[in-house]
Structures are given as C-alpha cells and as structure tokens.
Amino acid sequence: MATLELDSITKTFQDGDEEIVAVDDVSMSIDDGEFLVVVGPSGCGKSTTLRMVAGLETITAGTLSIDDRVVNDVKSQDRDIAMVFQSYALYPHMSVRENMSFGLEESTDLPDDEINRMVSETGEMLGISPLLDRKPSDLSGGQQQRVALGRAIVRDPEVFLMDEPLSNLDAKLRAEMRTELQRLQNDLGVTTVYVTHDQTEAMTMGDRIAILDGGELQQIAEPLKCYHEPANQFVASFLGEPSMNFFDVTLDGDRLVGDVFEYPIGDDVRADLGETTDLVLGIRPEAVELVEGGADVPHEFGMTVDVVEPMGDENTVYLQFDPDADTETGATLVATIDGFTRVSEGDTVTAHIPEDAIHVFDRVTGEALHNRSMEDAADQVDLA
Amino acid sequence: MLDFYRRLHRAISPSSGDGDEPRTDGGVVSDGAASGPGAESDRGAVERLKAAVDNRFGADFVESSIFWLPPFLLMGLFVYGAVIWNLLISLTDYEGFANAPDYSNLDFEMYTRALADSGFIDAAVNTLILLVAFTAGTLAVGLLLAILIDRGIRFENTFRTIYLLPMSLSFVVTAQFWLWIYNYNNGIANSVIGVVGLGPVSWLGNQDIVLYAVIFALMWQFSGYAMVVYLAGLRAIPDEHYEAAKVDGASTLKMYWRVIIPQLKGATISAAVVLMVFGMKAFDFLYSLVGGYRPPNGADILATKMVREAYSNSQWAYGAAIAIVLFGMALAVIGPYLVYEYRRNNL
Amino acid sequence: MSDDKLRTDGSGAMATTTKLRRNLERMTVEDIALYVVLVLAAGFYLVPIESGLVTSFKTGTAIIETAPFAPPGASGFTFEKWRTAIDALLRGMGNSLLYAVPATIISALVGSITAYGLTIPNWKPSYKALVLALIIAGIFIPYQAVLVPLTQFWSQWVQLGDLLSFVWALGIDDDYVGIVELVVTHVAYGVPICTLLFRTYYKTMSDEMMESARLDGASLRRVYRRIVLPLSGPMFAVVLIYQFTQIWNDLLFTLVIVSTESSAAAPVVLILAGLGTSMEGQDFALRMAGAFFAALPTLAVYILFGDEFAEGVAA
C-alpha cells in the first residue's frame, strides 16, 4: 500500500514535425488506500496518464513518486504495481491458474506451493475456483474479467491500475462488477487508479474523481463535490445525464439577461460574480420544477413542452421558452420530472428555476463563479 | 558505498531485475531515494551511459539488443561485409591460384574490361530481357489465375495446390523436367507445336529462342507464387466494390480492369520485386540445364557469367566486378521498394 | 439427444444435395468455360511433372517409342533407372539432410529471436525501422555479390577445417567441413527472411498482453521464453517449411562451398545437376528418376503442409 504523487506530469508526442501535448502539467496526489477514478472524454489523456504511472510510457516532464520515492526512471516491473487492461490481456496458452501464478513466479522467489496457495485463495475470493484449470478461450467475457482482476490481486501490489476494465462487459454484468470491484478494493485497501470514460462508474466507484480534458486536469474532488460544485463549465457539462442546461446571459444590474428570458438574482449570487458580465447560467435538469399557476413569480417561466421522453421512473421533458423560436438558439430547457407527472407535447407549463440551484460560469474562461452549495443540496434532499 | 556497488552490478548485468531478486531490487532503490537527491551524484558511469542510451533509443533498447544485435551482426557480416569486401576485390587484379587478392593496387580495370567484353554486354542485355519478360509474364499469368480462382469455384484448394506445386521444387529438379520437355527428338514442346504443323524446333540449341524457352520454364515455376500474392490482394477487396461496379452496369471485364486491378497495386509491387530477385537467381536453373558453368549459347546471364568467370576461369576479380554490377541492378529494384514500404509504415 | 443429432445430420446432407443440384442446374456456359480453363491450366502445371514421372520408369526403347507423357506400358517398364538414381543420390541425400535440418532449425530460432527483439520491446520505432530495412534488404541481394568473399572467408580467414581437426581424427572425412560451413552460411543468409516472417506474426500479438507480462515482473528474456515462444507455434511451422525447402533446393552455395560432386560431403542437388550426362548422350529416364528422388523431401513437405508453404511464400 502506498501513496501516489503526480507532480506537474507532462507528456508530449512527436508526430512528424508537430509536437502533441497529450498530458499537460497534471498534478494530483492519491492517498494510501484511496480509490481514484480518472475520467474524461476519449483523447483527454487519461489513459496516457495511467500508462505513465505504470511505466509503459516515459514521462516528458514532472515527477512521479510512489510512497515518496521518485520512480520516473524505474522500470514497470520494479514499480510493484499491477494493471488490469481493457482487453484483459490474459495469456491465451496458459490456464487460469498459470495466468495468475505468472506474476508471482516472475516477481518473487516464493516457493511453488506458496504461490499455489495464494492463487487458490484469490480464486476463492473472486469465485473462480472451478475455472482454475481452464484456458482463457473457454471462459465468458465476465469470467475473463475476473481472472484479469485475480491476476492483479494475487500479486498484492502497492498500486492497482485499471484501464477501462469493465467496458467490454454488457450493461448488467458491468453494474454487478462495479459493486464487486468497490467491495474488493475496500477489503484489500490497495491504492487504486481507475480510468474510465463512463460517468456512472466515475460517480459511483471512486473516493474521488479526477476529470481530464484536453490533457489538463479540470478538477479532482469527491464525486458529489464535482457534481454540485464543478470547477468549471466542462466539469458541469461532463457529469450528469441529461447534461446541465446552459444559457448565455449578460449581467445587467441584478438581473441575468438572456436571449429569451431574464433571471433576477439575489445579493449572494451577485457578490460571487464580481465585475464579470459575460456569463453562462447553468441549471441541472433535476433542479427544474414544474409548478402550478402562472409565470408571474420572478424565477418562474411559462413554457411549452416540445418533447417528452418517458424513462419510466422519471420523464425527461424538453421545454421551450418561446415555441416559435429556433431551437438552436439555446432556448430549450431540459427538465427531469417524476415519472407520474403527466405532461404531453404542446402543453403549456410553468417551470421554476430555483435560485439556490443555479450555477454561473464565466463565459470566456469557463470558470465557475457561483455554484449551488453542497449543504443546500443536502438540505433539500433531507426535506424531501 | 555498498549501495553504489549494487547499483553498478545491476547496471552491468543485462538481466537486471530478472529472476533472483527483484524484490530486494525495489528495496535498494527506495534506500537510495531515502538518502536524498544527493545520492544522484554517485550514480555509476555505466548506469549513466545506459540511461543516456535508453533515453536516445527508447526504454528497452539496451535490454533488447541481446536479441537482435548478434543475429544482425552475423547477417551484416555475411551480407554487407561481404558486399563491401566484394567491391574491394573487384578493384584488384585477383586471378588464378593465388590464395588471396593483392589489395595494394586498386583500380577500375575490371569494369573497363567488362565494358569491352561483348560476352558481358550480351549477358547484361539477357539479364534485363529475362527480368522484364519473366516478371511481366509471370505477373500476368498469376493475376489471371488468381481472378479465375477467386470466382468462388469448387475445389479451389486443389487448384491452388496444383498451381503452386512447381514453386516447391528445386531449380535443379525443374531444369531436368524442362530439359526433357525441350529435347529435340521426342520432347513434348515439339509434339505440341507439331500438332499445328510447326517445328521441330531446337529449343535449347537456337540462340534466338533459348532465352525465351528458359523464361517460359521459369514462368511455369513461379506463376503460382504470383497467383498466391494476388489472391491475398483480391481477398482484401471488400465485396461491395464488385457489387457497386455491377450495379453501375460495368461488364465483368470492365469491372476488373477499372475497379479491381487498380487496387492490386501493392500486391503487384511486392510480387514484382520478389520475382525479379528470383529471376536474378536463375543461375541454379541454367547451371542444372547443362550440368556445368556454361549455359546454352544465347542464354548467358550475369549470374551465370559471374560464377563462371570466378569459379571456372579463376578470374576472381572480374567475377567480383560482374557481381557488383548485378548487385547494382538488384539495388535499383529493391531500394525504391524499401523506401516505398518505409513510407507506408510497413516495416 | 441422439435422435436430434441424426435429424440435423440428415437434413444437412439433404440440403447439400439440393444445393449441389441447384448449382449444376445453374451452371452457365460461362461457368463451364471457367472450369475448362482451370483444368487446362492445371494440366499445364502438371504435365512436366507427370511426364517426368512416367519417363523415369521407361526403358531406353520405350522412351523413343512412346509419347513423352504416356505411361510406359508393361514391356517398357523398369525400376532400373530409379535403382541407379538412388544409388547415386542416396549419399547426397544424407549429406543434404545433415546441413538442411540443423540450418533450418537454427535459422527459424534465430529469426524468431531477432524478430522478437525488433518488434515487442519498446524502443524508438524509427531506429527499429532502420535496422529492419537493413535486414529486409538482405532478403533481396543476389548471392553472386557475396560469393567470392564467401569463398575467401571460408578458405582463407576461418580455417574451420583446422579448428575441427579433432573431429577428423575420429575418422570422419574432412570434406564434411563443408557441411558445417553450409550450416553457418545458410543460417546467416536465412536471418532476413526468417526475421521478416516472424515479425509479421509478432506484430499481430496483443500489446496489452506484452505490457501485462512486463508489469507482472517478467524481463524481456522471460517474456520471450514464457509468452512469445509458446505462442509462436503456427509461425514456426511456416518458417521451418519455407526455410527447409529453400535450403534443400539451393545449388549455388553448395557449388562454391563443397564444389565437387565427387566430394564425400556432396549434397544431393550437386550430384543431381551432373547426373545422366555422359559420353553417350543424355539419359533422360535416369535424370527424371533422380529429379524425383531428390525432390521427395520437399514434395512430401509440400503435400503435407501446403497451406503453411503458401503462407510462407505469400508473406
């Protein structure tokens, strides 16, 4: 078990005469036993970051330390890490038992019977004991996944690295393995870095999540903090499904003026905005409420229902401020509402956008100027 | 200090981290780091050199050299070393029974001699004719066979096996077959043209014909190879291309000519290069045809002339000079080919 | 269960026959022409071989009296030529095996190791490509360009004969030094093609699997021993077959290294090249018998492993 420290890690590739920056000055420190999920869209540098930690890519600049020991120049096999790959990368000519013993045989001088015992124990823990003598080609995708996991676990490394290990499984199995992986990591207490593009995995599995975009670290924090207090517009849009609503607005006194609506703000919010006038107003779909009555209260708007997507437990509704306006202009508001609320296309409804749930971003830098506070969000849940 | 020696040991032994003590290995490094950045300065010179080399060439360069370097050197000695040595010998006057050439007096005499030697000019012309005619003919036959076989026929494997069969035989063996086919009195070649009232022809005796008779025999032996290469190329073309052409109303002939064959450029280039190399090695065939160094009149090529001058006439330097010309011809073919493959990232 | 199986089998067979019938009905003139051309082409490739085979069993008179591709008939049939050919070539056959087998095995192993070092380990691709280009160019050089130095090398520089004097002391003919020289020579010139063949195969191996093995603590040597080598089986089949055929069939190196067919170590191709040529003209039947006998090993390999051979030449 160990701590892991990335200090200004940078990776550049040479592509012809062009220099491509894959990872740009990323710093983060991961605590002993922590489960960190690194998430981002494809090409954001998350896999490259992981591969640098593994020693599979050289580090262009910055230092990487495991337990305060700088390992930039230490070869992969001497870093005492284990990695689970997306393709599982099992050795096809070896049985499951041989696959799992391989790492112990190569990296330790343990006697054979000791290795055997450890493999059997790990097999039991993962429920793959009956498969130990089979070849990988005889196993299902889920079983191969477990073997890949077992191969990493049995080595009892300082750090686990996982590169989208669940993405080749079907949805149901993926949900199961998600829980199981968390449980295992909890039991073993091994520092884990987990790379994924799947925000559900990011939100549910990690102690903290690190969000990368364009090779740069956008935010690293607890999942709920990232969700409710995103550092910038990218993080806000990346987490959450359906995505947060954004409206370009301009600050005018104590009002946010958009193309089709005006939104009055209180002193607290106004204070956060300072001198910036070009802003983006953000509101999560689940924070939007459909209420009775007309739109005469400041934060309530009369809207037309454009599309309803029933999901069963809830409905996703697409609302328009002005039914005649072009939908491209950002005049659409997405709201998720209770599955039993009846609305249908063409209805006129009143939408309430509560002021304590809005986010305001700097339109130029994308930086979050005002976020809903996590305490407020928690209060609301308690009340309900 | 002990730490330093351990590091040194690790740096020198090529199999560091291998087998015995990687765990302690890890421990050593953390000890070193614990003593602070000052420890950096006592890094062994060997390790620093290794790190520098690794930085320049990539992380596994030093460790992997044990795999490819010895074979590379062996091959380099026998191929490039020998070619350079051969070039050197071609500049001497080495001949006869002397054990070794005299390297003290180098000149281009052998090359001027070659230019004045009508036998050399003939052999060079014959080599060019053989290369071009043999390669073009073999490619054409191979392409035709590949297209026929690729039309979803039954017994495809049997046909393919038969067409490729001659390729598995030695030149020495096939030479015997063709000697029998081309023989004047009761060879098949004369029986066949006899049917249409021609001949008999002295296939191997007539100076104007013999080269083409040899080319024909070589085509027989290698068109199966061209077929296999083309077949792989055809299989790589998606069915949609055939269907699209059909839908567009192209006739079968037009479809192949306009749509399919242009896509076989890669296959054609690689097959042509290999065939030209085979053509240059036709020595074995010509030698076996007569059981000696002098091929039939009119079929002498540089490959046979080189061996004859060197090993039969003991004109070592002259033979070496002819070999250099042959090598130059090969280089003119494979040089561009390798550059082409390199550009396409195929290496 | 068994009933089920039976039924599927039955219907399967029926489907095949129906399909066949439909195929036959659908045979157009074009299809028939296609098959005629294919069969004629097959004839073209087989006639020289068939004609050689029947001729090898003919007596001198039968050769003159029967057509070259016709079977000899009862009166003109003889094993005599085969007997003579085998007598003349058997010694060469043994000699050929003596260098072809070790040279084949060694060059396949060396090719596999070289290709591994140039494919899987992680070093600069541009330098790898340079080394590879130099190696691949080695496939294409005409051997004439190295012959004279090769002769010099073996006769003047490396006196293998002297080095191995203890072997000759055992009563083995010192001509056999040629066999050792042939092994080394064929291995050296076999490095390029064997490396190329193995490299195309290793390029398809999963990068993640190799990385996984490295992370598991295996050194490059162990990765080769425990992962790559055990997975190389199919390519070894291809390379061994290709290389054996090439080495067995090669005449040029045997000619300059062993030089005379009267040598105790003369390989079969060397003896065959001069077989059947004598004062009284050419004995074609003997030549054909010899050719077939000498080709037996490669023919056997081709017939048994035709697919691997095709793969080897196509690469």
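Think of it as A, B and C in the order they're written, each chain with its own count starting at 1.
The rule is short, and it goes like this: contacts are C-beta pairs under 8 Å (C-beta built on N, C-alpha and C of every residue); 3 or more make two chains touch, one makes a residue touch a chain.
The structure presented is a predicted model; accordingly, all values stated were derived computationally and were not measured.
A.B. asks: In terms of CA centres, which chain lies closest to the overall middle?
C.D. replies: Taking the mean of all protein C-alpha atoms as reference, the closest chain is B.
A.B. asks: Most C-beta contact pairs, which chains?
C.D. replies: After counting contacts between each pair of chains, the winner is B-C.
A.B. asks: Looking at C-alpha means, what's the farthest chain from chain B?
C.D. replies: A
A.B. asks: Averaging only over C-alpha atoms, locate the centres of chain A and chain C and give their separation in whole Å.
C.D. replies: 57
A.B. asks: What is the distance, in whole Å, between the centres of chain A and chain B, each centre taken as the mean of its C-alpha atoms?
C.D. replies: Roughly 54 Å, centre to centre.
A.B. asks: For chain B versus chain C, what separation do you get between their C-alpha means, in angstrom?
C.D. replies: Going by mean C-alpha positions, chain B sits 16 Å from chain C.
A.B. asks: What positions in chain A touch 2 or more of the other chains?
C.D. replies: Answer for chain A, listing residues that touch two or more other chains: 75, 77, 107-108.
A.B. asks: Can you list the residues of chain B that touch 2 or more other chains?
C.D. replies: Correct list: 17, 22, 59.
A.B. asks: Find every residue in chain C that makes contact with two or more other chains and list them.
C.D. replies: Expected reply: 122, 217, 219, 222.
A.B. asks: Mind listing the chain A positions that touch chain C in their complex?
C.D. replies: Chain A residues touching chain C: 54-56, 75-77, 81-83, 85-87, 89-93, 102-103, 106-108, 151, 155.
A.B. asks: Provide the residue numbers of chain A that touch chain B in the complex, in ascending order.
C.D. replies: Interface residues on chain A, with respect to chain B: 58, 67-70, 73-75, 77-80, 107-109.
A.B. asks: What part of chain C is in contact with chain A in the complex they form?
C.D. replies: It comes out as residues 122, 206, 208-209, 211-219, 222, 226-227, 230-231.
A.B. asks: In the complex of these two chains, what residues of chain B are touching chain C?
C.D. replies: So the residues of chain B touching chain C come out as 15-19, 22, 56-61, 63-69, 71-72, 74-83, 85-86, 89, 99-101, 145, 148-149, 151, 153, 159-181, 183, 185-188, 191, 220, 224-225, 228-229, 232, 273, 277, 280-281, 283-284, 287-288, 291-292, 302-303, 306-307, 310-311, 316, 319-320, 322-324, 326-327, 329-330, 333-334, 338, 341-342, 347.
A.B. asks: Going by the contact rule set out above, which residues of chain B touch chain A in the complex?
C.D. replies: Answer in residue numbers: 17, 20-23, 25-26, 29-30, 33-34, 51, 59.
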